[in-house]
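The two complexes that follow have subunit A in common; it is paired with subunit B in the first and with subunit C in the second.
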Partner chain A sequence: MAAGARALPGVSLTWAIDDPRMRRLILRLFVAGLAVFIGIPLLTLVLWSFAGEWFWPNVIPTQWTIRWYEQVFENPRVVNAMVLSFTIAPVVTVLTALIAIPAGYAFARLNVPFRRVLLLLFLIPNAFPRIGLYVSLAVLYYQINLIDTYWGVVFLHMIGTLVYMTWITTATFRSIDPHLEEAARDAGASPLRAFWSVVFPLALPGIIVASLFSFLASLDEAQGTLIVGTPHFITMPVLMYTLISSFERPVAAVFSVLLSLPSLVLLVAAQRYLRSEYVAAGLGRV
Partner chain B sequence: MAEVELRGVSKYYKEVAAVSDVSLRIPDREFVALLGPSGCGKTTTLRMLAGFIRPDTGQILIDGKDVTDLPPERRPTAMVFQSYALWPHMTVGENISFGLKLRKVPAAQIAERARAMLDVVRLPGVEHRFPSQLSGGQQQRVALARALVLGPKILLLDEPLSNLDAKLRVRMRDEIRRIQQELQITTVYVTHDQEEALTMADRIAVMNRGVIQQLGDANDIYDRPATSFVADFIGQSNFFRGTLRRANGVTWAHIGDERVAVEPVDGAPDGAHVTVSTRPEVVEVVRAPEPGAFALDDPRLVNFGAYQRLAGRHPTLGPIEARVPKSFRLDARPVYVKLTRARAFAEPEAEMRD
Partner chain C sequence: MASTTFAAPPRPRPRRLDRSRLAGLALVAPSLLYLTVFVFIPVVKAITTSFTVRDRDNAGNYSYRVGTDNYRAIFETETLRDNVIFTVLIAVISVAIVFALAYSIALALRFGKGPAVRFLSRIYVIPLFIPSVIASYAMITFLANHGFVDGLLQRVGFPDESFPRIVFDWKGIVITQVWLSLPFMTVLLSSVLLEISDTLVESARDVGASSWQIFRHIVLPLSAPGALIGITFMFLGVVGGFTVPYLLGPNAPQMLGVSMVYYMTNYFEPYVASTQAVVIFLLSLVAAIYYVRQQFKREVR
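Let's turn to the complex of A and B:
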């Protein structure tokens, strides 16, 4: 069955341990370790963002306040940056999806010549220090008048998001039994109808995960945006870099919380779609 | 009324012919099995009938109308896939209704026809379940219902039983045959399982290397195989290599110093190299020497539960097997076999069984 065929052999971290109790224990320790490494810094950030007074050796702040938040939200540059970030990320995601879904489908189903080479080409931007790429992109942007423009920033973000999304959608479409599509054709559906009624719904979890990655990657992109977007297109992470040194520590914490919040909300919302095989695909398993 | 015809159909992959100049006419209501080992071209042939593969040469006609260039959605065929290919995100009812909705059938009629078809496949009341909640055999029935509800002229089945366990396979075999008889639908059935082909089909096309080796009913291909491949692939056969000689109206195959009478061979001259085959169940076993009986060295018995097989060796002919009743006992007396109803095939070396 298709569902069975889609379940990939799980990569278990504990495959070598025979005793199930031991295995559970190690798994729990591992999860606890992860929670400590990810959770404690996040928690500290949240605490700092609300700290009125917090001196060593107190474990939690001795005074609480929301004045750092007020300070941040009263700053018009911050609000502008937030609005900009949240108008860029959805556009990047939609444009990326419009390219990556057909591309992923083509890589998965059609006999694309040099399929592997093309997929690797997509990875090239990731294989070199990004900063070099951004500088040469900036030079190009000057020539074609894209420097310091909205679309210039959008296209720059798409260099990264296209990689994620094409790889994930390719793996997603490949995991769908081609016979399901043929059965739809056999029942009278045109190729397009077969795609919309059968392939797309089955690929939706993978597409959602890929879109999520794209959205968050765009929201988080700072290096390139700083180079091609200044001075008029300052997104949240860029602003954070530029302002962080001129503010008190709790303000930086507020920024971090504000930047982490969308990721957290989206990841929790899409949690049921985050199946390991799609995530693995984004990390290079096709 | 629906008859289907393949006319000189070929399909090449790179230089290799997957299907080579196949012609086959299937009259209305007939159940034809395409039988052969994997890679023989049977599935390619079926997929060309369905429209998933376009033949490189030749024509496909349904009711005399050329459908060679039509995509699957515009052909009056319906296919049942080996993996069933039920859409996992749709309920059984939605799976069966999908094609009817595309055809803009009124909703009330859709529900009625879906229900009626689930009755035909004897799986009523599962409309609201998802395919994953059904057993393999039930999924098979749903796949059949989904194909049949569209009222296709031709039903195509691609190894539909190979994912089921042995007992269920036998039951579904009878079910598919019953439904085919009930609906009087022209059917093409692909299988590598000779028992399925022999028990279900009106006619069987035995395929090998992209070519139909023989087309006939179960008796034709079992009792009168046309090629050594068919004799080998269907059931079991004893094989010998020899030379053809005709004398006094009898056709002989000379094998070393021995000779075996064979059924008349058309189109092969005396002296032609032939492959001789005979079925173990027509080999006659005797305990005293007589003309035409070959002494068997090292006879031994192999028990198959329902019968026994006597296996031995003749110094010139080589290994020979014969089917014997369970009451048969070996003792000090010698064993002789008479090779009756032997058939000789004059084939180019390349065509011989390998």
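Let's turn to the complex of A and C:
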């Protein structure tokens, strides 16, 4: 990412300190402190998931086991939640892609009337605090009987993914040279043909990144699903709420590890496609 | 302009233009329809619901009327009023801490070098990929009384029961929010700092500016607009958050997100819940307007 490839002489994080050795020491302490703060809580979860016996205040478990993993996969509640999560996320991603990619293309290339107003409307979902939107949506769902339904959950997940995917695809289409498409048109290709065989392949990396993030966002969405999906549509993160409050610590830890895996695999796999503006465009799961 | 050719002049050809406008509208329409049904209508609905008052007569029948009773309830009931204040305070504190930390990281990534900086660039993104439920749970096991840190301190000789209450307290919410929001803010600030040209910084150095002067008069002012987008976006996120305060927060006062969901799902009071949603919208209005304006400028450009 932005890794300090282009270092500047004399300007650094610790500009206020003159002695370079002192400066290096402070930078290293800062990095080490941050690594502990970010890494150790996650490590504690991994330890808990393998803990056969862990009496406080021991720093690591005194016995190790994998029985919690077996137990999790034998628990029908957990298996149902996994199946549900993995049937919702692809549907959310495909539906979002179907409506967001045309909109992104239009915003990037076509002469959309009321363009400024429309762009403004597309920013609204990010400008309202999410939980307020979800509660408002739940009030509507009660009236149109979408509460506690599969499609109710899918449509709620799409609020976040739609805005995100529209911005990414707009940026992607804008970065493709319009002359390529014009050349294809001049050679006699129909607008649709020119799009499919010239623009779409070039836009594919951006579309793939946006789809992957939509998939993950849907997989991880918890608070909205809790409001509109209970009691019949319990996805993996919603089940986590229950596991945490019922104090089944090792089971919750195993579940956390399993739930983090898809994202971590993606982090490793997609790192070179992760342009910072994609992330900044709205992934911020704050 | 998909349909213009190399040689064609850009302006005339009204027929083509009309078709392209129509096509543009048609391509945007499905998304717009979706946003109308699932975002705009619910927001309007929440506002009208917040002005609906439900009365119950002696026979137990409900009657409905228009009034501001729900709003008066929020500002006259002490617990509800405390929730509003608590929400704002938590958001301000979390944003301030994240901003200070993320700015330090972004400066180090932009201007620093060496193995420590390379390591930093790898680790700071991790929380971006951890769902907030998991992060909250990790923080509970890490910071709870009789949790990991407590145990560690006990081992090195701190007295029993000396560990402060962090989980189920405001401190737990702030620490977890910081953990979760750090990568997003850092990525944003990094991209802002990358836009500052090296030549500018170098020429300032050539005329004898100190590192502090460069920071104070070049880097800070040039990064301010981008930084404010990050600050407003994160403020909106914390104010509208549920998971972290629900799992790590105290029972009272509650953040508005938590209290709203309780009113909605446990007490079956959509009227009070909607009112709290509108209060949340109003609380973040300034941040929201700023966020939309800045983001708009960047997108339209």
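Heads up, the rule we're going with is that the second predicted complex is superposed on the first by the 206 of 286 C-alpha atoms of A that agree within 3 Å, B and C clash if a C-alpha of one lies under 4 Å from a C-alpha of the other, contacts with A are read in each partner's own complex, and residues count from 1 in each chain.
To be clear about the criterion, a contact is a pair of C-beta atoms (placed from the backbone, for glycine too) under 8 Å apart; a residue touches a chain by one contact, two chains touch by 3 or more.
Being a predicted model, the structure only gives us computed values, none of them experimental.
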item: Which superposed partner A:45 touches (first subunit B, second subunit C, both, neither); value: second
item: Subunit B versus subunit C as contact partner of A:193, first or second or both or neither; value: first
item: Partner chain in contact with A:180 - subunit B first, subunit C second, else both or neither; value: first
item: First, second, both or neither for A:201, with subunit B first and subunit C second; value: first
item: Chain touching more of subunit A, residue-wise (subunit B, subunit C); value: C
item: First, second, both or neither for A:269, with subunit B first and subunit C second; value: neither
item: First (subunit B), second (subunit C), both or neither touched by A:83; value: neither
item: Common interface residues of subunit A - those touching subunit B in one complex and subunit C in the other; value: 1-3, 179, 182, 185-186, 191
item: Interfacial residue positions of subunit B with respect to subunit A in the complex; value: 50-52, 71-73, 77-79, 81-89, 98-99, 102-103, 131-132, 139, 146-147, 150
item: Touch list for subunit C against partner subunit A, complex; value: 1-6, 17, 20-21, 23-25, 27-28, 30-32, 34-35, 38-43, 45-46, 49, 101, 104-114, 116-121, 123-143, 146, 148, 150-152, 154-155, 177, 179-184, 187-188, 190-191, 193-194, 198, 201-202, 205, 211-212, 214-215, 233-234, 236-243, 246-247, 256-257, 260-261, 264-265, 270, 273-274, 276-278, 280-281, 284, 288-289, 291-292, 295-296, 299-300
item: Residues on subunit A engaged by subunit B in the complex (per definition of touch); value: 1-3, 177, 179-180, 182-191, 193, 197-198, 201-202
item: List of subunit A residues in touch with subunit C within their complex; value: 1-4, 6-13, 15-16, 24, 27-28, 30-31, 34-35, 37-42, 44-45, 48, 56-59, 98-100, 102-103, 105-107, 109-113, 116, 118-133, 135-140, 142, 155-156, 158-159, 162, 166-167, 170, 178-179, 181-182, 185-186, 191, 194, 216, 219-220, 222-223, 226-227, 230, 237, 240-241, 244-245, 249, 252-253, 256, 259-260, 263-264, 266-267, 276-277, 279-280, 283-286
